[in-house]
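Residue numbering begins at 1 within each chain, and the chains themselves are lettered A, B, C and D in the order written.
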Amino acid sequence: MSLHIQPMSDQACLIVHGPDQPGIVAAVTALITRNKGNIVTLDQYTDDPVGGAFFQRVVFQRPDFAVAMPDIEADLDKTLSPLGLEWTLTDQSIPKRMAIMVSTSDHCLLELLWRHRRGELPVTIPMVISNHTNTAEDVRSFGVPFFHVPSQGPDKSAAEAEILKLLQGNVDFVVLARYMQILSDDFLAKVGVPVINIHHSFLPAFIGAAPYRKAHERGVKLIGATSHYVTKDLDEGPIIEQDVARVTHAHSAADLAKRGAYVERAVLSRAVEWHAQDRVIRHGNHTIVF
Amino acid sequence: MSLHIQPMSDQACLIVHGPDQPGIVAAVTALITRNKGNIVTLDQYTDDPVGGAFFQRVVFQRPDFAVAMPDIEADLDKTLSPLGLEWTLTDQSIPKRMAIMVSTSDHCLLELLWRHRRGELPVTIPMVISNHTNTAEDVRSFGVPFFHVPSQGPDKSAAEAEILKLLQGNVDFVVLARYMQILSDDFLAKVGVPVINIHHSFLPAFIGAAPYRKAHERGVKLIGATSHYVTKDLDEGPIIEQDVARVTHAHSAADLAKRGAYVERAVLSRAVEWHAQDRVIRHGNHTIVF
Amino acid sequence: MSLHIQPMSDQACLIVHGPDQPGIVAAVTALITRNKGNIVTLDQYTDDPVGGAFFQRVVFQRPDFAVAMPDIEADLDKTLSPLGLEWTLTDQSIPKRMAIMVSTSDHCLLELLWRHRRGELPVTIPMVISNHTNTAEDVRSFGVPFFHVPSQGPDKSAAEAEILKLLQGNVDFVVLARYMQILSDDFLAKVGVPVINIHHSFLPAFIGAAPYRKAHERGVKLIGATSHYVTKDLDEGPIIEQDVARVTHAHSAADLAKRGAYVERAVLSRAVEWHAQDRVIRHGNHTIVF
Amino acid sequence: MSLHIQPMSDQACLIVHGPDQPGIVAAVTALITRNKGNIVTLDQYTDDPVGGAFFQRVVFQRPDFAVAMPDIEADLDKTLSPLGLEWTLTDQSIPKRMAIMVSTSDHCLLELLWRHRRGELPVTIPMVISNHTNTAEDVRSFGVPFFHVPSQGPDKSAAEAEILKLLQGNVDFVVLARYMQILSDDFLAKVGVPVINIHHSFLPAFIGAAPYRKAHERGVKLIGATSHYVTKDLDEGPIIEQDVARVTHAHSAADLAKRGAYVERAVLSRAVEWHAQDRVIRHGNHTIVF
């Protein structure tokens, strides 16, 4: 799934979804062809052949795409709107702008910064925001701005307002890379971009705080991590990716946390990569990952 | 972990557990040596170096073990009782007697029967009990007796009494290989032998009925299975083994059930093998698996 | 990948491959639409965006497909031949006919028979052929004909001739489910249908005989199995599927073989399922698996 | 296996190996008890119950171990030498000194530096040596000395002499974290400490150079990495750890290398951790990993 991860010039991604009906794939592919696009990859899925929802992702190459984009958008509007279909067209040569929010644990943060430096994440990182300062030096050594926004006491509204001011207009999505403060509904309503979280358990097992302690108490033989979009319902948002690691009776709760850190950074990295590549479509409380 | 799975003549397994204290391993190994035993494998574990619980499993060879067993037991009693340690000594040449209870799904049942026929489970299978009849012919083709005990209506007491009559005195443990009736507390109190269940989810996620449907609704990216000892608290007993398989948005709830069947049969088989080899020690609501 | 595994009436599978060029996907999907087909799934792949080879698999529903098939084939011929593309159109309501050849080991054989009985393999099984007799009773208990063709001595030509007589005209592909005789080039030339093998190692490691013994000698920490199409070059044919299992220093070569059996049956079953669903396209010494 | 990874004061590790015979475990545990040690973990293994080789690892706590060590060594010598057993006793409070050698790829190097900073590797890192300079700044940001030793042309003897001068007396083992120069037999003879390598394939598949290219050509469905001790026979030394990742036809050779990097860093890290904890015993061309 991680192919073609570098921003490609003259490459576009089209997402189409809506009520399933015969001929959508043919209509979309004909549209791309008549607009001089050449299909690179095409994925489609219908959740129910009878009366279900249809999802399609097409990546195509088109010389001078930036110039042709408005014409293609007009054609899409004319062709797909009568069918009740929604669509999004993105220019793959423009990387998404990703903010990272973090508390004290650095394992997810450093993994994202390092993968980005290796050219494996098609994003820019305009800022890292933390309610602590311990990661500042590491972040800046990657050439990324670091902003410290303390968040103490029960009232988070001042801190959230400061964070919103930093984010707004500057980022296309936010990643909570072990940010240990709960964001208010008000913040989520105002931020206006997708927020991706990493939860340190195999959701829905061990919802809430201290999942490794709970996993140890329950005596599980596998621990997991889950990356999901953040919604108002804590730990209940659409799941993007999950994975697990094997543990035994001999692991303490602290051992589970140490081992789990490696699962967390891998799961969050994959979720971020797929989101940045427009591979993830939200549908109700589910995701389609192409 | 699956080594030496055939019943071995003149081979014994000693389990020791109790409060940790210096010198237990030395005391136990000296005891085995002075009783002419030769240690084949030794595993030990302490859950807390300070004031914790100690667990040890030793397999040893001893010529004419059956004759020497009473003397060794007397020595164990004399040596370990003053230290407050409990112990169990078993003759590995005598396979445990395992009953299988099943409803209509045959995947776990056939896997156990087939592994047994291959000589990979050190047990005998005196009976399969089912509340349905569809598996009768398959079971008998393996040379194993099949008993049909219907269980309809809300009152299961007559069926449970009939099952108890079949089991008592005849088996050393019971395996619920997708037996879809809930056993009463009364049954569990009377059966007097360990009961192992396979639950078709990654516990504690999706406790209760219809876990694959719930997993599909939640949009998980992995499904799992859990084998555990049955206790009065449904789906809450000590976990022996767990595993998972990867799924995608494209799998229906029925697809999850199909794919999950392969996880279930593997997880249950490993749990049964380890139990039959005296590798699993229960401690509170946990297991130590050596 | 294992979705829609039951033969579906009025469902067809179209495979297209050949030199990549702009507009193929649009041309194919337009063709299906004008022939009243509704696309269920579509996968495509190009091995090189510049001058590479193009591969596409489309499953579509079309009322009265059996009647319309000749017209669709004529349209395909007219549309795709000028582009230098090859195509295959199959009626998914007609299961492929699969012969199984086996020696003494029953684990792969029984797994295939059992998955078939569960309705998980879209095939019919007109025969099992073995150079031994130990599996005859099991095979016939599944309602499948069993033929014994002994193969002793260095000259296999008489045995191969007898096998060819049984197979020809009666099967669409052959599965070697641990058949331990090497088939001659002459046999492979004459059999005229794909032959799928399971090799008990992670190819290309441990090519040839006794791979588990070699793996044990080398001290590997993982063992594997590989399913591949059989070609004249022993153990060198296109790989369909591979998987591994973890082992330790404590496993003997016999333990590796026992543990490996579970990997073999899973890998071969997946390869057979995907082949039967027309998901596997051969290209040189590679496979594209959609 | 990764428990108790921090250097522990007053904790010792005893490795015993040699010809198997009855009573070794009892003799060793009695010795530890009479020397006031308390066993923390004990692992043992015999490769053949009849005339095989015996291996044991015991970690024990002993107040004032550093003071008592000579007495315990004398007792070990007196007790085990008559039995023909070899032994090594190490003070777990003294971390091993690890040199890292690297060329241009940073993924294994940074993973080791980062795990060390997290306190997850019980080593000190007195130096990183590279035949390139691109990683110098990163290495020094971790507070680790970096030495540049260019190695051009066919004659490596000057470079190897310079490396030996840096290493000798200063390190307990060397890790080749994607060091792309072949070390001479002479170097290996002189270095006098274990050298651990990461090979970017599932050995023995794809021995030698460019394994990802070869894997792509062969069309494998899994790629792997292998960490092993370096011996005179290139890619033939005792394997410590291996792992794999799933790939498809859609991955280019470059994609395999990218994905493989994540397997390499995990496999090498585990091998290094286990070696540093005295968990790995070499025996012929195999390892026993406790």
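We adopt the following convention: a residue touches a chain if its C-beta (ideal position, glycine included) is under 8 Å from a C-beta of that chain, and two chains touch if they have at least 3 such contacts.
It should be emphasised that the depicted structure is a prediction, and the values quoted were computed from it without experimental measurement.
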Equivalent interface to C-D, taken from B-C, A-C or A-B so that over half of the residue contact pairs match: A-B
Longest centre-to-centre distance from chain B, chain (CA-based): A
A-B compared against A-D, more contacting pairs: A-B
Cα-centroid distance, chain A relative to chain D, in whole angstrom: 37
Distance from the mean Cα position of chain B to that of chain A, given in whole angstrom: 42
Contacts with two or more other chains, residues of chain A listed in rising order: 45, 250
Chain B to chain A touching residues, read off their complex: 45, 47, 202-206, 218-222, 224, 238-244, 248-250, 285-289
Residue ranges of chain C in contact with chain A within the complex: 22-23, 25-26, 29-30, 32-33, 38-46, 49, 61
Interface residues, chain B side, partner chain C - complex: 2-3, 107, 110, 114, 118, 120, 141, 250-252, 255, 258-259, 262, 266
